[in-house]
Every structure is written in C-alpha cells, then in structure tokens.
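Below are two complexes that have subunit A in common, paired first with subunit B and then with subunit C.
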Partner chain A sequence: MKNVYINSIASISAQKTLDNTSFLDTIEDYEANVLPVIHPNYKEYIPPAAARRMAKGIKMGVVASKIAIQESGLENVDAIITGTGMGCVRDSEKFVSAIIDNDEQYLTPTSFIQSTHNTVGGQIALELQCKGYNFTYVHASTSFESTLIDAKLQLELDEEKNILIGGVDELGEHTTEIQKLVHLVKAEAVKTSEVLDSKTKGAVFGEGANFFVLSNEKQASTYAEVVAIKTYNTLAETEVVQEAIHFLNGSNLNIEDVDVLILGNNGDVDFDAFYTTLAEGFKNTQQANYKHLCGEFNTASSFGFWLASKVLKTQTLPEVVKANHTDTTSFKTILLYNQYRGENHSFTLLKQC
Partner chain B sequence: MSKGVAITGMGIISAIGNNVAENYQSLIQGKKGISRVSKIKTNHVNDIMVGEIDFTNEALEQQLGLTSDNNYSRTALLGAVAAKQAIQDAGITDINAYKTGLISSTSVGGMDMTERYYYDYLEDKSTQKYIEGHHAGDSTQKIAEQLGIEKSLVTTISTACSSAANSIMLGARLIKSGQLDRVVVGGTDCLSKFTINGFKTLMILSDTYSTPFDENRKGLNLGEAAAFLVLESDKVVQAENKKVLAYVKGYGNANDAYHQTASSENGDGATLAMQKALDIAGYNPEDIDYVNAHGTATGNNDLSEGRAIIRVFGKNVPDFSSTKAYTGHTLAAAGAIEAVYSVLALQNNIIYPNLNFKTQMKEFNITPQLALKEKPLQTVMSNSFGFGGNCSTVIFSKEQ
Partner chain C sequence: MDALKQELKENLIEQLNLEDMTIADIADDDMLFGDGLGLDSIDALELIVMLDKSYGIKLTDPKEGRSIFESINTMAAYITENRSK
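What follows is the complex of A and B.
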C-alpha cells in the first residue's frame, strides 16, 4: 500500500487564505451571523463571459481547483472528487421560487442545471478537460471526509496517482433565513473573536471552497501525509474520547503522540459538548479551532484540513486558532475531529513529511 | 482483501412494483408503470407522463411505523422501504455483527418538502421540521437509522442520473479493500415539481410513453423509485453460508468533459466507462451477454450511448435493452433499479424487451431486444449516465 500525500492546497474563505505564501497573518474580524467569502478576482482564472453564467459555488470550486493544480505543478489530475453539503443552493432557491412565484411558467434551465449537486465537479472536469473518475459526495458534515476516504482508497492501491479533492458550499439567502428560524444559524450577530464562547443556540454560518491535490508520491511542495480517516454516522458524546484513542491506536499512536488537536466546534451551546469532552481527554495537548474564522457549513471541515496542512508545512500555529496554550513548538502529528449537531463525526490524522 | 463482491439481498419499490417479485412479474409481462402524474399538482399534468408509486406518504409512513411528528421526505420514505427489504432478503438479523456501511444516492433529497413549504416555513411553525430534511444526506441518515447501522461509514453520492451506479461502485471497492465486510448500496429519488419543471425547461420530457432507441423518440418519462442491494465480502459469505444472488464483477466511472447536460456525439465518457468496467472485470467485450442500457429515450442520450456501445463492442453488439419505458427515468435511483433488474436477468436467464420501440434509428443499425428472450446469461452490463458528464458502468456476473 502506498502512502498518501497532500501536495497542494487552495482555500477560498471568509479570511485572506487565497495566497499560499501567507498564513492567517491578518484576520478579518466580523460581527455577523453569516460570513461570506472574500472573493478572488475571478477574471484572473475564468473568462468573464463564462464567469457571469456560473453559480458562486462553481466559481469558487473552479478557482480553488485551478490554484491547487497549479501549486502541485501538474497539468491535470487523474480524478476529481468533490464534497458539498448543499451544492449551489442559491440556484436551487432561484428555481424553486421561480416555480412558485411564476406558477411553473417562464422558467429557464440554467438554475436547474446548476442546482444539480455534481455541477461543480462536472464544471471542473470541463475546465480541465479531465475525463477521469468524477464523484460528488453530499453527506452533510462528512461530505468532504467522504472525498478523502475515496481518494485515499484509490491512491493507496495505486489505481490513480494524483486526485483533486475539495469541499465547497455557498450561502443562500432564503436558506439562511429559514435556518435562523430553527436555530441552526444564530439569531444574533456575533464577533469572530467571541463566537466560540457565545453560549447561544446555532452557529455563525459561512461558505467556501477548499481544494487539494492528493498524490501517492511525495514532492517538494508536499504539505503532509494523510495517515488515516474515519467517519461515523452516529457517535455518543460519552464515546468520543475512547473512539479517538481507538482511531489513533489503528495507526500505532496514542494521545501523547498528537501535537495538535484541531476541533470543529462552532459555538452552538447545544452541541459543543462533543468537543469539550474530547478536549478534556486531550487536556495536555495543544488544541486549535477554526470555525470562528470560516463559519459553519457542511464542508467547513475542509478548512480545518487546510489549516492542518499549513501548520505541518510551516511549523507554525497562528495565535488566532489556539484554543489553549502549551509549550508545543514542533508539529509532527495532527488529529482533526468534526461533527455537526451530534451526527456525522469524523477523525482525520495527518503527519508531517 | 476480498476477491469477490457478492450481492446477497435486494429491495426495490418502483412504479412497476412494491418489491422484487412484483417488479420481476411486471418486467416479464411487459407491464409498464407509466401514467399521468396524480400526487403532484402541476400545470404540466397533461404534457407529461411519469412512473409514479401508488403509495401515499401516509401509507409509507405507516409501513415504516413512523409517528406523525416524523420529518421524512418522500425520498427518505421510499429509500427506507427498499433498504429494509434488502436487509430482510439478505437474511440479516444483526446488522452490526459485521462492519456494515451504507452508501445511498439521491438527486432530489428533501426537495419535495422544500418546494411544498418554501414560503410556509417563514410563517407556519408546524412545517419547519422539514427544514433540516432538505439536504441530500438527510435521507441516508434516516435509512441508516431504520437499518440500525451505527458508528459506521454512511455517505451519500449525488452525480445526477449515474448516482446509484456510483454507490454500487464505491461499495464494491470498500469491500475489495477490506475496509468494510458488508455495504448496503443503492439510491432513492421521489418525483418533485422541481425535477418535472427542470427537465421540462430542458425540453427533454416526452408527452407520451417514452420510446428508448426509437428513431422518433420524444424524450424521457420521469419516475420515482428506490432500490438497495446488500454487498458482502467472501468472509461473510463463507462464515454465514450465504446464498449469493450475483457478483459485482466490474465497474468504471469516467467523465465526458463535454457539456454540463448533454452527452458528446460519440459518447466518449460512456465508452471509457464501459472499457474501464471490462478491465476491472478482466473481461473482453464478447464476455458480455446482455447490456441493460441507460436508454432514457432522449434524442441525445440514445444516439450517444448507441455509438459508444458500437465503439466498445464493434460488430458483435450483445443483446441490449432499456427498461426505462417500464419505470420512467428514476434519476439517482436508476442505477440501483437497473442493478436489481440485471441481477434478476442473471437469475432467470431472461432479457427484458425494450418497450414501445417502432422505428429503427437511422444513425446506426443496432436494434434493441424487442421481445422477452430466454437465454443462458453469465454476465450483464448496466449503464448509467448523468449531468455533469458523469458516466458509469457496472458489470454483474454469476461467477465470482
């Protein structure tokens, strides 16, 4: 079995993450209940006429994938695997509301086509002219982790050499509105620096695209090795620590071997207990958070994966993500844990190369 | 590593039957399930024909024993019914006795409820329970719960009309690699105004019965359905002395990289998918006994697929037919529906007729199988193609 490496990364988020030479050097401090992304200059990557027709999620996905492929030094990839919880939800909203508002008349196909979940993966294949394997996973907070499981399987068995994976989701106005009603999105605007301790229901939502080229060959640009990944449709809060240990043991590691634990807590008073319980089990370990920076969305954990990749390559842990203070200065092994509203949990283990 | 990927159970609900036996009876009797839409209020009622399942949501909820405060979309209801049948058919009593995963697929997800309550959500609290049921993974989570799958790999694939074929593919790979001992794979999609209007704007809905591979084909009939298959490793089959219905022998996915919704003229992606599947199976084209085609009856698909079939099989194109004239095009579920039909074909040594065909297409000289045909079958190839250029092929066989 071959090892699996992260050879390049690209992130479009509510922070200035597009430039891979910087690493959260300056922080956008918001006071909001949704965090839209800082848009790249799309024209640099996509012809303006094409960009005008594209949904936001497609544009973000296409640009992030181009940056990731460029950094990997490849011309193309063997396969494209995309994760998205909701797809291009703004187009879904457009099409549903047009059906209702216009009583099924005067409809045009564009928003229907773009609301198909694999529209981002399909468009990336079109842009790259990549005729390889092309899957899209749409399973809530493990959509991105599913892409990782799939890519790892193929790279380990050497079925493919280089695979583009990514997580992408966009904010939609109506969706946010109704998600506020059921306390998925926080009712009140919260400061970035305070959201994780807000102790109120729901989360500050976000959007973004985080893409990576995974390969079974290491190169100069390599960020980290993907050691293990596991997802769980259910997991009880009381089982989280024990399951984390079990997961680490599977790679012959223990709690002491983890240099940083990256947690996906989002400040939702009803569900953060999963994270605090795990944090308690790793109380001597350096811990980090990230959802205050990018917001919560189905593929927000791909931002966590981006963060871990950066930490391992640069050997720095930005102050803004530190959840506690230890004297750890060398970062060799990172464990990520994520879940959303008590479902679809995941552990991901990355190692310095 | 498991050498074989055995199919040990199947469940299905479609417009031509509420279980495997009913579906098979309809298939061999040439009985299609296409009618005017009755459960969705749409202005297009007289312009389209659909493959609708008789049960109301309430009836399905009752079958599943759900209380009235449930928030199941019709997609989740259909999926749960079919998946439970599959588990029962496989004789599974303790689902967590082996490492068991679930890979479902859907394109519609909870859109049926979203389109119904879109604005009501803002005012009527009683409808708000469905808000969390909108995303595609929700139906899968519910199916996992219905099956009692816990702490395991549960995920959802959405690659439009090839989705369920891809869930079979991933399931087979997870078993082969030894990551799972058992995987429930399949797909579910209900009819919705969203898809009716979407396909309508693309002008690919027929106003009458769909006629796959016919020169005068006018487009597809939409359908709703769910089907699931239980895949098990050699280890489980041996330990439990399982009856094997068939094996997943080959699979391939490729991208046409041509257009977001249309297939390339010569079916590049489809050709690649079929060739990859043959490679994985270790088969030559002449080893395929029957092709259950995607055959949606759109002008574009049937031409592109037909050309791809000729590219792969040359002068010796095996018997082929599309079963979409029976069920309608069931979108993300289609690959699983047709997987069940492929396994039934193998079990019964039967090739289904391609209904409603009258006129030979002029672009090529291959003709689908028109009458029910008995023939010893060892292998069946099933094609599923979708938007985003997504092309998938799965090969089923009697032999491991």
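What follows is the complex of A and C.
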C-alpha cells in the first residue's frame, strides 16, 4: 500500500489564511456570535460569466481549490472529493423563500440548480475541466473526514495519484436565525479570545473552505503524511481516552508519541466535556484549539487539518492556538480530535515527512 | 416604451445576476444571447418566468422565445402588445 501525503493546502476562513506565506501572524479579533469569512477578490480567480450564478460557498470552494492545485504544481487532479454539512444553503434558502413568497408559482431554475450539496464539487470540476471521480459527502460534522477516508483508500490502493479534497460550508442568513432560535448559536456576542472559556450554551458559528491536494507521491511542497483516520457516529465521553489510545496503537503509537493534540472544542458548555476529558488523558502533551478563530460549522475540522498541516511543515505552533504550555519544540506527530454536540467524532493522525 | 426598456434592463441585471453590468452597458438593440450579452439557456428560463410574473405573459411555445428575447427592443415590443398586467 502506498503512503498518502498532503501536497498542498488552501484556506478561506474568518482569519487571514488565504495568504499561505504567513501563519496566523495577525489575528482578526471579533466580538460576535457568527463569524463570516474574509472574502478574497473572487474576480481574480473566477470569470464573471461563471461567477454570476455562484453563491459565496461555491465561490469559496472554487477559489480554495484553485489555490491548492496551483501550490501542488499540478494542472489538474484525478478526482475531486468534497465534504459539506449544509451544502449551498444560501441558494436553498432563496429557492424555498421563492416558493413561499410566490405561492408556489414563478419558480426560477438558477437557485434550485445551485442549491444541491454537490454543486461545489461540480463547479470545481467544471472550472478545472476535471472529468474524473467526483463525490460529495454530506455527513454532518464528519463530512470532511469522510472525504479524507475516501481519498486515503483510493491513494493507498493507487487507484488515483492526486486527489483534491476539501471541506466547505457557508453561513445562510435564515438558517443562522433558526440556529439561534434553537440555541445552537450562542445568544451573546463573545470575543475571539474568550470563546473557548465562555461556558455558555451553543457555539460561535462560522463558515469556510479548506482544500488540499492529497497524493501518493511525496514532493518538495509536501506538508505531512496522513497516517490514519477514524470516525464514530456515537462515542461515550468515558470512552474517548481509551478510544484515542486504541486508535494510536493501530499505528504502533502511544500517547507519549503525540507531539500536539489538536482539539475541536468550541466553548459549548454542554458538550466540551468530551474535549476536557481527552485533554486530561493527554495532560503532558502540547494541546491546541482552533474554533475560536474560524467558528463552528460542519466542516470546521478541515480548518484543524489545515492548522496541523502548517504546524508540521513550518515546525511552529502559533501562540494563539496553544491551549497549554509544554516545552515541545519539535512537531513530528499530530493527533486531531473533533465532535459536534456529542456526535460524529473523529480522530485523525498526521506525521511530519 | 422607453420606461419599459429601462425597467427590462434593470430586471435583467437583477434577475440574471449580471453583477458587473449597468443599464448603460446594455444597448436597446444588443443581442441578448450568443455574441451579445452571452446569455444561455438557463437565462432563457429565467426570462420566461419574468414575463409571466411581471407582465402576465405565458409563453406556451418555447420556440417563440428565440425572436422575443433577441434584444431589449424585441422584448419591449412583445410585452407592450401582449401584457395583461
């Protein structure tokens, strides 16, 4: 079986991550309960004729994928695998609103066509003229991890050489209002630096697009190797540490071998216990968080994957993501753990190349 | 007629998300499809719905659209003759 490498990365988030030459050097400090992304100049990347029907989620996905492919040095990829929890929610809102507002009359095609979950993957393929395997996973907060599993299997078996994977979700105005009503979004605006310790219900929501070119050939631009990935629909809080150890053992590793544990906690008082329990099990390990920077969304873990890739390549861990302080200076192995509201857990293991 | 043409241009820009265009960029006799504004078959569907919703005109024969949607001039002429609202 072949190894799987992360050969390029691209991130559009609420932070200045589009410029891959910096690494969270300056932080956008928000005081909000919803964090929109910092939009790139889409016109630099997408022809106006193509862009006019694209909602921002599609634009984010297309731009992030183009940047990732450019960095990989490839002209095209063999396959495109996209993960999204909510899909093109803005066009869905537009279409459903039109049904209601016009009493089920005068329905136009554009927003309906663009509202499907696989629109982003489809538009990326159209832009790249990629006629290979194209799949979209809609698995709530393991949507991105599902793309990773699929790509890893195909690359290990050498069915494909280079695969573009990504996680993308956009904020929709109406959907966010509903999420506020059911207290998934925090009721109060919270400062970025205080989100993770806010100890109130719900999360600060966000959006973003994080894309990667995975390959079974290592190259100069390679960030890290994807060693293992596992998802769980349900996992009890009491089992998290044991399951993490079991997961590491599967790669002949133990807790002591992990240089950084990246946790997906979001400051939700009802569900952060999963993370604090795991953090306690890894109390001597350097720990890091990221959702205070990008917000919570179904594919927010792809931002964590971006963070881990950058740490392994640059061998630096920005202060703003540090959850504790150890004397770790060399980063060889990173374990990521994510879950949302006690469901859809995932462990991902990356190592330095 | 001039007011209608102005209104059609505004609707076209809004309904078809022609973000980079202004009313001044669309001449009354510009071809809307093909080499002109470059509209496509999805836009044609949007225009058919716009005729129905805004002017009460139902196009039963899609082939009619080819001549009606040729330019702002042809659209305005057809609407003026057939509108029910």
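Just so we're on the same page, the second predicted complex is superposed on the first by the 352 of 353 C-alpha atoms of A that agree within 3 Å, B and C clash if a C-alpha of one lies under 4 Å from a C-alpha of the other, contacts with A are read in each partner's own complex, and residues count from 1 in each chain.
Here, contacts are C-beta pairs under 8 Å (C-beta built on N, C-alpha and C of every residue); 3 or more make two chains touch, one makes a residue touch a chain.
Note that the coordinates shown come from a computational prediction; the quantities given were computed from them, not determined experimentally.
Student: For subunit A, which side has the bigger count of touched residues, subunit B or subunit C?
Tutor: Answer, by number of touched residues of subunit A: B.
Student: Under the stated touch criterion, which partner chain does A:K131 make contact with: subunit B (first), subunit C (second), both, or neither?
Tutor: In the superposition, A:K131 touches subunit B alone.
Student: In the superposed arrangement, does A:K199 touch subunit B (first), subunit C (second), both or neither?
Tutor: After superposing on A, A:K199 lies clear of both subunit B and subunit C.
Student: Tell me the contact category for A:L184 with respect to subunit B and subunit C: first, second, both or neither.
Tutor: first
Student: Based on the superposed arrangement, let me know which partner A:H117 touches: subunit B (first), subunit C (second), both, or neither?
Tutor: Touch partner of A:H117: subunit B, not subunit C.
Student: Please work out whether A:T108 is in contact with subunit B alone, subunit C alone, both, or neither, and reply first, second, both or neither.
Tutor: Both partners, subunit B and subunit C.
Student: Tell me the contact category for A:A140 with respect to subunit B and subunit C: first, second, both or neither.
Tutor: So A:A140 only meets subunit B here.
Student: Using the superposition on A, tell me which residues of subunit A are in contact with subunit B and, in the other complex, with subunit C.
Tutor: Touching subunit B and subunit C on subunit A: residues 105, 107-109, 113.
Student: Which bits of subunit A are touching subunit C when the two form their complex?
Tutor: Listed in rising order, the residues are 48-49, 51-53, 102, 105-110, 113.
Student: For the complex, give me every residue of subunit C touching subunit A.
Tutor: 15-20, 38, 42, 45-46, 49, 52-53
Student: In the complex, go through subunit B and note every residue touching subunit A.
Tutor: Checking each residue of subunit B against subunit A gives 42-44, 102, 106-107, 109, 111, 114-115, 118-119, 121-122, 128, 131-132, 134-138, 140-141, 144, 149-160, 166, 170, 173-174, 177, 179, 193-194, 197-198, 200-202, 253-261, 268-269, 272, 386-390.
Student: In their complex, what parts of subunit A are in touch with subunit B?
Tutor: 80, 85-87, 92, 95-97, 99-100, 103-105, 107-109, 112-113, 115-119, 121-123, 125-126, 128-140, 142-143, 146, 149-150, 153-154, 156-157, 174-175, 177-179, 181-182, 184, 230-235, 239, 243, 298, 343-344
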